[in-house]
Amino acid sequence: MSALLTLEGLGKDWFGVPAVEGLTLSIAPGEVLGLIGENGAGKSTLMNMIGGVVPPTRGRMLWEGQPYAPASAADATAEGVAFIHQELNLFGNLSIAENILIDGFPRRMGLIDRRAMARATEALMARLDLDLSPDRPVGTLVAGEKQLVEIAKALHRRARLIIFDEPTTSLTTREIERLFSLIDRLRAEGTAMIYISHILGDVVRVADRVAVLRDGSLVGEGPVDDFPVPRMIHSMIGRELADVFPPRRIAPPDAPPVLEVEGLSAPGVIEDVSLTVREGEVVGLFGLMGAGRSELARILFGLDPAERGRVRLGGQALHGGPRERIAAGMGFVTENRREEGLMMDASVRDNLALAALGQFAAGPLGLVDREKVGAAAQAMQQDLRIKAADLARQPVRSLSGGNQQKVVLGKWLLSRPHLLILDEPTRGVDVGARAEIYAIVNRLAEEGCGVLMISSELDELKGMCDRIAVMRGGEITGERSRAGGYRDADLVALAFGEQAAA
Amino acid sequence: MQTLTLAAALAAGTVLSAGAASAANICFAFQDLETEFWVAGHQAITTALQEGGHTVIERNANEDANRQLEQVRDCIAQGVDGIIIIPQDGESAATIVNEAQNADVPIAVFNRPPSDLSKGIIVVADNATIAEQAVDFALTKAIERAGGEPVQPLILVGDLGDPNAVGRRAGFNAAVEKHGDAVATPIEVASNWDAATALSNLEAAVTANPNIDMLFTSSDFLFPTIRSVLEPRGMWKAAGEEGHVVMAGLDGDATACSLIKEGYVDATGVQDLYFEADAALEALLAAMEAGEAQPNQVIEDPGFALTTDNIGEREMDMWGCVLLAEGFLNK
Amino acid sequence: MTAIDAPAPVPARQRRGFLARLLGSEYFVLWLTVGYFLVLLPFLPTLGTPANLVNLLSNMWPLLVVAIGQTFVMAVAGIDLSQGAVMALTSTLAAALLATGADPAVLAKAPIWGVLLSERGGLLDGRGGVGLALGLGLAVLAAVAVGLMNGIAVARFRMPPFMVTLVAMMIAGAFAIWLTQSENIRNLPEQFIALGKGDIVSVYFGARTESQLPRREVYPLVTYPAIVAIIVAVLAHWLLERTVFGRQVIAVGANRRAAEISGVPVVRVLILAFALSALFAAIGGLLYAARLEAGRPTLGSGTFLLDVIGATVIGGTSLFGGKARVIWTVFGVAFFVLLSNSLNLMNLSSFHVDMVKGAVILGAALLDVARTRLTRQALP
């Protein structure tokens, strides 16, 4: 099979410093290439070159053997390259049909031909098994459906190379499965695909070949069968990762409870939730998207109201909003750090200090002791190994995803919580930083902090948690402990509400 | 040949030095250029200054009294020889005059009197006298037409909180008194300087008293309103036609000028902008010449009435007619 | 196909260019101001004369006080359009309470006549320093009440600040005009007027000779407005930089949701920011009123607000919130006042002056975007 896209000695410099160097790679029609690498390894730069956003400094690209040098994103689109991003490029206020056909509405007598639009859209949606009215506004769709609309758009433009960039971060398990079977079908139809993801298990599942980038260079490439997950990790970070989930001293079963939740209900969101987290214990919360996990976390943190039930922290009943909960010793790492976790344009130091400002203040005027803040930030940087050049000036935005997440964690560590709630703490974080975050959580637990960890990745929960509670439809459907042994089928069945047979 | 060149050079030198001796830097700070009247006033002053060979430094305060104060201070810092202001209001005018006089820069205030008349060169229009001239002319015309019957006059009064409106009504009443029994008791219609108020009040008054012979509006800007009331009742007629109501106004704007030319309006009292500009400049230049840093003087503009009789010779003394000639109404 | 990911961050080894360092500097606008002054000086010698420098300073002080208020609101990603109207209201109320007398011919129709003000003067006239302090205090309190209402509408009811303060501008402005039926209130007590123009230290530069008229060369250097403005600036700087409240203001502006989750009392911070804006506007309004020797219900109308917002933005405070420093606003006001002054001295027509000012504000906004991008790229 001849290659669709060939890269020959491709390189790109930013201000004289190479970001991508000597990259030679090809992809054939009907092939899925898994592209992996840590943040900053050069994946974005490579994709931007293929997508026509930036021109390469060295080397060249061939499209079906012909020189390919897109001058703009539009050029690349015209050639047949499509991107499916983690942040989707759709117009929420427009309908599915309008979004798919946005670059050229069918017309009749100068007017938009609504019927032709509906026909074209329905045909595309049938190919994707998307059973929705073409007139639905995209804003009303769930994440997985939006992504399918985006793929439909690519198909409409007769894309021959589809690049998926972290496509599963906001999808539920079921939606992920549907995406994978769609990828299989597109492969059978002869579409070439590049699949970029931090979730290595997914790469194993969908890719035919794997390419590993590190520091801008290709450090490994071959059939997926030659790349089991440990080898992928090794190639990506250039060293062995002894164990992604470092061992931790197990909390004694008779440790006093930190968090006690009894019969907590908020109509339509959660129903009769009871849960206990002990000192030094990491409790996982598993479930599908929409099962009520994040909603429970928000209620526990006082961001949303509960109608019934009691929440106690260290034996004290909790009232009020986040301020009161923080004062009582709670911390909350939200699932979307950009929107709710960080001040993206503020410095690392200001972000770290935010939740514990009161600690650094003195006197009736509440004067902040800047030296104390600086020292605390520095200590936290060393402690968490945050890679930042200038704590006082560097905006958090310029850090990698993993380091950003460490800043969020550091912010809560400074307020010395008794209970830390983590909602998807490793989303969009590369493997190396993940391991560091797990180590931080473990250390925190060993110091006696209770941790409630929400994750959609079962492996992560199994590796980290002393107990895992499973939610479905706003209720806790079951709880399993490490001592009793975790079985995937059992946990997934609880999440789906099927009989725990498997 | 050589002598001739020398003589020419000498002559040129004399002219230059003479120019330098009398030419001055004058700061002209005005509050805004939003109405016809102020555009004309601004033009009158800058033209007069430039014709006198003076350098004009213009400052527009955009209706902000504080900005005007800052602009005048900047002028003083620049070392101007004299200042003319069209102030935002009487209070800020008094403060600015003080500011200038404390810095020993002569200052003249144009058209809007400061609340303290004792300081600075102040040019004010005498509203009462101007109104009286215009109304007197109109009443005389009306009495001629009436042929012995007493004339019924009507006055559209402005906002009586405004000294201008008070002065204009006083002038109207003085003219009415002068004609004694030939004139009936006037009908007073309130306008509050508002076209909508004027419209409804005038409609009511004209319906109640259809036999009006003479109408005086305290400001020319109400003529379009008057027309919309009189025209449907067949009372909007030119001077030669049957049923003409003799009309007079005050201000002298472009609309009034064109209406006088067409014969619908018989007279309008005019603030003599060009006189005011010249008088202010003359007084200011005289003070500068004399080395007087704090000249104090009140100059009254007696104004004049532009009438159907004198429009031939005095047309170009009225600012509204100048604007009209420049095509203002067609813009 | 729309945007693709932004280019990868430049590695740490990348050396920052001189331009990037200058643009990224905290003191950029100060250097700009000094540079502008020095470049123009040879062409406009008047610019550096003592008289002009004194003008520059005296124009700067009241504007600075008002702009500092705007800085707090912009820091929380808001905007306060009601500052001008608040100034008008404060100056009118203070003048009505403190006037030493009033002309019934002018003011008898005003609703405050016989209530706050009569022929014999204002309600608090003739009660010495206590009366003066009380009068000024009450007027400032009224202003703060407007600010609190703005803040409550924005924070509690989540209304957009632009709308809220636009409405407040209309209501407070119309209320001030109604109070006196658009008349100015004169006859302010001596001490009040001193607040606007009284000097404490003046400098004698000797006799002036070049002019055709003999003039004294005495210039007020340290004036009451200067002292008031400097005290306000220092306190505001402390409040924003050094206190928990100040850091919370910045946090709310940078990311309201993140601030809320991190335990910042968002509602309280927003309300206080708007109250501070009104407070500083009121103080600035009193300085302006004292300088003009009258309480004016039309004070701060027209394009004044553009000066305030323009100066604040030029200083570097972001319209999008989370990025604000009082010292930036000091530089911004200095540059803006210098710009206006120099354009005046160039004898440009008023149309050109406004066009140049508009262009400079646009330039500042573009520069803000460029600076943000540069600092983002220049850092690893």
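Going in written order, the chains are labelled A, B and C, and every chain counts its residues from 1.
Note that in this section a residue touches a chain if its C-beta (ideal position, glycine included) is under 8 Å from a C-beta of that chain, and two chains touch if they have at least 3 such contacts.
Not measured: the values here are computed from a predicted model.
Q: Measuring centre to centre with C-alpha atoms, which chain is farthest from chain C?
A: Between chain C and the rest, the longest centre separation is with A.
Q: For which chain is the distance between its Cα centroid and the global protein Cα centroid smallest?
A: The most central chain here turns out to be C.
Q: Need the CA-centroid distance for the pair chain A / chain C, whole Å please.
A: Inter-chain centre distance comes to 45 Å.
Q: So the centre of each chain is just the mean of its C-alpha atoms; given that, what is the distance between chain B and chain C in Å?
A: Whole-Å distance between the two chain centres: 38.
Q: Once you find the CA centre of chain A and the CA centre of chain B, what distance in Å lies between them?
A: The mean C-alpha positions of chain A and chain B differ by 75 Å.
Q: Quick check on the complex: what are the chain C residues that touch chain B?
A: 46, 49, 51-52, 54-55, 58-59, 106, 109, 181, 184, 186, 210-216, 288, 291-294, 296, 298-299, 301-304, 340-341, 344-345, 347, 349-351, 353
Q: Please name which positions on chain B make contact with chain C in the complex.
A: For chain B paired with chain C, touching residues are 57-60, 62-67, 69-71, 73-79, 81, 89-92, 94-95, 103-106, 115, 161, 288, 291, 293.
Q: Which residues, counting only chain A, touch chain C once they are in their complex?
A: It is residues 14-17, 19, 40, 42, 44-45, 47-48, 51, 53-54, 73-74, 76-77, 81-83, 85, 89, 165, 301, 303, 321-323, 325-327, 332, 334, 339-346, 350, 353-355, 357-358, 361, 365-368, 370, 389-390, 393-395, 397-398, 411, 415 of chain A that touch chain C.
Q: Considering the complex alone, what residue numbers of chain C touch chain A?
A: Against chain A, the touching part of chain C is residues 1-14, 238, 242-248, 250-251, 254-255, 257-265, 322-323, 372, 375-376, 379-380.
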